[in-house]
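Have a look at these structures, which come just after this line.
Shared between the two complexes below is chain A, which pairs with chain B and chain C, respectively.
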Partner chain A sequence: MAFMIAVSLNFFLPRLIPGNPVRVLISQLAEGGVQSDALARIYDNYMREFGLDQPVYIQFFRYFTGLFKGDLGTSFMLYPGKVADLIKEALPWTVALQVPTILIGWIVGNVIGAVCAYKGGRFDAVVFTSALAISNVPYYCLAIILLYGLAVHNPIFPVGGGYSFGSFPDLSWSFLGDALYHYTLPFLSMIVVAIGGQAIGMREMALYELTTDYVQYSKALGLRDQKVVRYVFRNAMLPQITGLAISFGMMMGGALVTESVFSYPGIGSLLFTAIRQTDYPLIQGCTLIITVAVLLANFLVDIAYGFIDPRIRAAQLGER
Partner chain B sequence: MKNLLKTQDLKAYYRLVDGTDIRAVDGVTLDLRPNEVLGIAGESGCGKSTLASVMSLTHNPPLRVIDGDVTANGSNLLTMPTEQVRQKIKGRYISIVPQGAMNALNPTQRVRNFAIDMLREHFPEMKKDEAIDLAAARIDELGLPRRVLNNYPHELSGGMKQRTTIVLSTLLDPKILIADEPTSALDVSSQKSVISLLLALLKDEIITSIAFITHELPLLRQIATRIAIMYAGKLVELGTMEEIIFEPLHPYTEALMSTMLVPERHVREQRIQSIAGVPPDLKAPPKGCRFHPRCPKRLPVCSTEEPPAKEVGDRTVWCWLMQ
Partner chain C sequence: MGEVITLLFRSRRFIIGAALFTLVLAFGVIGPRVTSKDPFLMAGGLFDPPSEGSMLGTDNLGRDVFTQLMYGTGTSLLIGFVAGIVATVIGVAIGTLAGFKGGVIDELLMGVTNILITIPSIVVLILLSVAVKGRSATTMGVIIGVTAWPWTARAVRAQTSSLKTREHVDLARISGYSTVELIVKEIMPYMFSYIFMAFILQFSGGITNEATLSMLGLGPYQTVSLGVMLHWALLWESVRTGAWWAFIPPVLFLAVTSFSLMLINAGMDEVFNPRLRKS
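Here is the complex of A and B:
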């Protein structure tokens, strides 16, 4: 149900952007000095080719049936590139950038948060305050600062792109090394913020758990702190898992700005260009990927929760 | 007199952020003897739970011990290194039944696994199977259903959860069990099963003594052998159950007992009376006897000087009327 609504929105929302995409294409051709009657023919041709001469409901029907056949349509801008191929090309880059960022950020952030809550005192004051400050830096600002500091002013890292100009994506060591080198700055710009945010959330949860009766009770029976902290950590993690899922869901669209700043060849950059050029099929394709990712993440969280929290497992199985 | 645990002039205050102290326990001297159930009673906010947390060495900031000792076998437990207290005392010599026992068990852990964790904490060489067998044997002995071991806490009823907590607390055969309002959240029939479980622990000599903290006086009538009455952070009277309930000497004890419905002949005709006034603010308790503003029998000296302890037979009363 949610999927159907999302799919429909994916179709209609891009069409609310003012401007006719074909006119944009044509105007670019006109700058190239093509004759005006030739332009009119090309315009009609494109309109037919993209199906934009049909009423909207027919376009919607075509989009919908195409979807079930796995056909996401043809990109306007990168004609005759297939949307599915473009996404397939960009997807690994985004996944490679986001999955490690989210996972490492989540794990490190949670550990820092738990340690803060447990240790308290000065350690907590210093680490918590810095986490608070860092997590409130907009990640695109951080991206620009890093870009200026480490690529433009001190050219330690490349200014942008996913790999060096002229090299071709394959699985050779030299290419992987090159990709990692380009990877560092976008990765840094996102992970720092991710760690800060997760640490704050975890600290709050763990602080709450530390005051619970079972912690006091376990300590009163002589359980060592490490053991009690393990209980606390596990229970405080439960809400954090939702956070992890949301991050994974937002993964596809979340790095839009970061990818643009670093001209990183992922879904974010693709969507960004698609929107700028009102490339309906490409926007639809990208947002579809995001929709699927969010729904899938939610589904996986529900399953994971059942494994981790016996109370929810009981509710899911109807034991209550 | 031989005792298992003794507090000497114990003062434990909650220090507030603004620097003021709440004198929840203000000079309590009390001993817990072998083979007894010592009831500690008083109205809400009199410091009885605070006293229990210091006696069980589970006090945390902002509560701190300002002065006094808690001794067992001649050693002061308050100055003993924390790690030693954890290994030798907690769970093994002194154990607790917590006030909020409803949530005392980790919600995401099976009872069995907590039993294993606890036993292996104190006996690292014990195998998991041995730990489970030991817990199962104890559960059989005390007449609980064995299935509780495989349950998560949310799968147990309130009364069963409380009884499970008590069994876990006493797995290591502690000498002393400090039970802080263990029945206050339970209905009457669950209360009864908890009380009989506690008595069974004493009878089977799994534990030696219980300190039973409660505001429900009729409960103490059933279980206590001696009773200490607390008012505003201090003891007012300490004696056997019969003495305290039937022949109270301190005006506060007397007033407290008259609030209780006891089906004994000589109280049957009396009216239930409430105690006039409210308990004092423990940030600035009244000078002299703390009960004097509410006391119907006060003397001039009561408002200026604290009453000294007065031994009357085996009981102790802190009241100027007794001097």
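Here is the complex of A and C:
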């Protein structure tokens, strides 16, 4: 359902723009001094190519059936490059950057948050306030500062890109090492913020759990602290799993910009160029792939949640 | 009200946050009114380092960074404020209505809200911004606000549905109040602090969203905002040329603004939330 709406939005919003993108494309050619009758022919050709000569509902139908065939249309900027190919090239980079960041950030953040809530006092005050400060800095702010501090001012790390100029993506060790070297800064700038955000959420949940009756009761029974903390942690964890799904969506914007700060060859940089060149099919392709990725992540988390929460697991297995 | 304010000022987080925010606000609102410089006018050479004449040097086109920073902070605050108001108004309207009415209306409104929550807002923001030509700062605020309300709606709905079972609401209902009157007079006052905190969050989110969009190149036209300054810095490679004065100040201002708002929010939470309140 959400997917259908997202696809429709993806289709219709850019089409609200007044003006004909093909005309823009043609006028760029015209500056190159192409004959006018030739222009008219090229115009017709392009209109057919992009399917703009058809009524809107047919365009939508084509767009939708194309999606299932993995056809996202043709890029304006890199004509006749296919949008799907451009995205296919960029996607592994983004996945390699984002998935580990979110997962590691989530785990570390949760542990820190729980420790904060449990310890309280000075430790909590210091860590909580710094987490608050860090997590509200957008990713790219930290990215820019890191880029300047550790790549430009003190050239320890490369200033950008996904791999060294001149090397070609393959699976050799030297390339992987090189890619990892370029990976460090974008990864660092995102993970710090991710940890901060998750820690705040976990602290809140754990604080709440600590006031519940079962904790008081276990304490009164004389259970060891460690054991109580384990219960608290497990209970506070459940909402955090839902939080993981949400953070995929929330992180997206910042992560995209972080990529373009480092000119990292992922979806973010692609989107940055696409917007600058007003390449609508490419923008649409990028936003679509982002939506799909986020919805997919949500779906996976939902499934994982079913496995992890004993109540849901029990209900599914039909035991009580 | 006076009591609330004394309570608020007992929270150190709130005091620091409010002080920081007031400084930023003064800088962004008063600054552009007292300066005689134009943020778009060439004031020196390309990437002049900070000097006596211009406190933060010049950017890639020789424009004065300090002046840009004042105007930019103002614009960013304006966008965040508009986004916050729009998102809060829509969110509160939908949330209270759904929570108060219950039944089919509730399910319908919350269904829409939940679907909107799953669609990543940045996607809708990008598509909307691409579709709207000639975006002014206010338009951007509205665009951001329109995509940000579902969270507020959900939270407000939860509050409303627990508040509506109170006796004073029933009393007002048998006295013949209309739904709107009931919501405005009997429910809203009890959620005021809650709504205000939601607004602060949306305000802060609006500022960051503006920066994200602007950095991708979808910022307001003909104006400078903090995000637009960063977009220029990316586009003209001021980071890689080492012109720190062109990008560190907007980064710091973004960070300080959202941090101060967060502190205000956390401080208010301390005061209004009985679970966290220290005796």
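By definition in this document, the second predicted complex is superposed on the first by the 263 of 320 C-alpha atoms of A that agree within 3 Å, B and C clash if a C-alpha of one lies under 4 Å from a C-alpha of the other, contacts with A are read in each partner's own complex, and residues count from 1 in each chain.
Following the convention adopted for this analysis, contacts are C-beta pairs under 8 Å (C-beta built on N, C-alpha and C of every residue); 3 or more make two chains touch, one makes a residue touch a chain.
The model shown is predicted, which means the values in this text are computed figures rather than measured ones.
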(message) Just to be sure I read the superposition right, which of the two partners does A:Leu132 touch: chain B = first, chain C = second, or both, or neither?
(response) second
(message) Looking at A:Ile275 after the superposition, I want to know if it touches chain B, chain C, both of them or none. Which is it: first, second, both, neither?
(response) second
(request) Determine, under the contact definition given at the top, whether A:Gly177 touches first (chain B), second (chain C), both, or neither. (result) neither
(request) Figure out whether A:Pro239 sits in contact with chain B (first) or chain C (second), or with both, or with neither. (result) neither
(request) Give one of first, second, both or neither to describe whether A:Tyr214 is in contact with chain B, with chain C, with both, or with none. (result) first
(message) Tell me which partner touches more residues of chain A in the superposed arrangement, chain B or chain C.
(response) C
(request) Jot down the residues of chain A that show up as touching in both complexes, chain B in one and chain C in the other. (result) none
(message) Quick check on the complex: what are the chain B residues that touch chain A?
(response) 56-58, 60, 86-87, 89-92, 95-96, 98, 100-110, 114, 117-118, 121-122, 152, 154-155, 165, 168-169
(message) Under the definition above, what is the set of chain C residues touching chain A in their complex?
(response) 13, 115, 117-128, 130-131, 133, 204, 208-209, 211-212, 215-218, 230, 233-235, 239-240, 242, 244, 247-248, 251, 254-255, 258-259, 261-263, 266, 275-276
(request) Could you please specify the touching residues of chain A with respect to chain B in the complex? (result) 212-214, 216-224, 227, 231, 234-235, 238, 308-311, 314, 319
(message) Give the list of chain A residues in touch with chain C in this complex.
(response) 1-2, 5-6, 9-10, 13-14, 16-18, 129, 132-133, 136-138, 140-141, 144-145, 147-148, 152-153, 159-160, 207-208, 211, 246, 248-250, 252-254, 256-257, 260-261, 271-272, 275-276, 280, 283-284, 287, 290-291, 294-295, 298
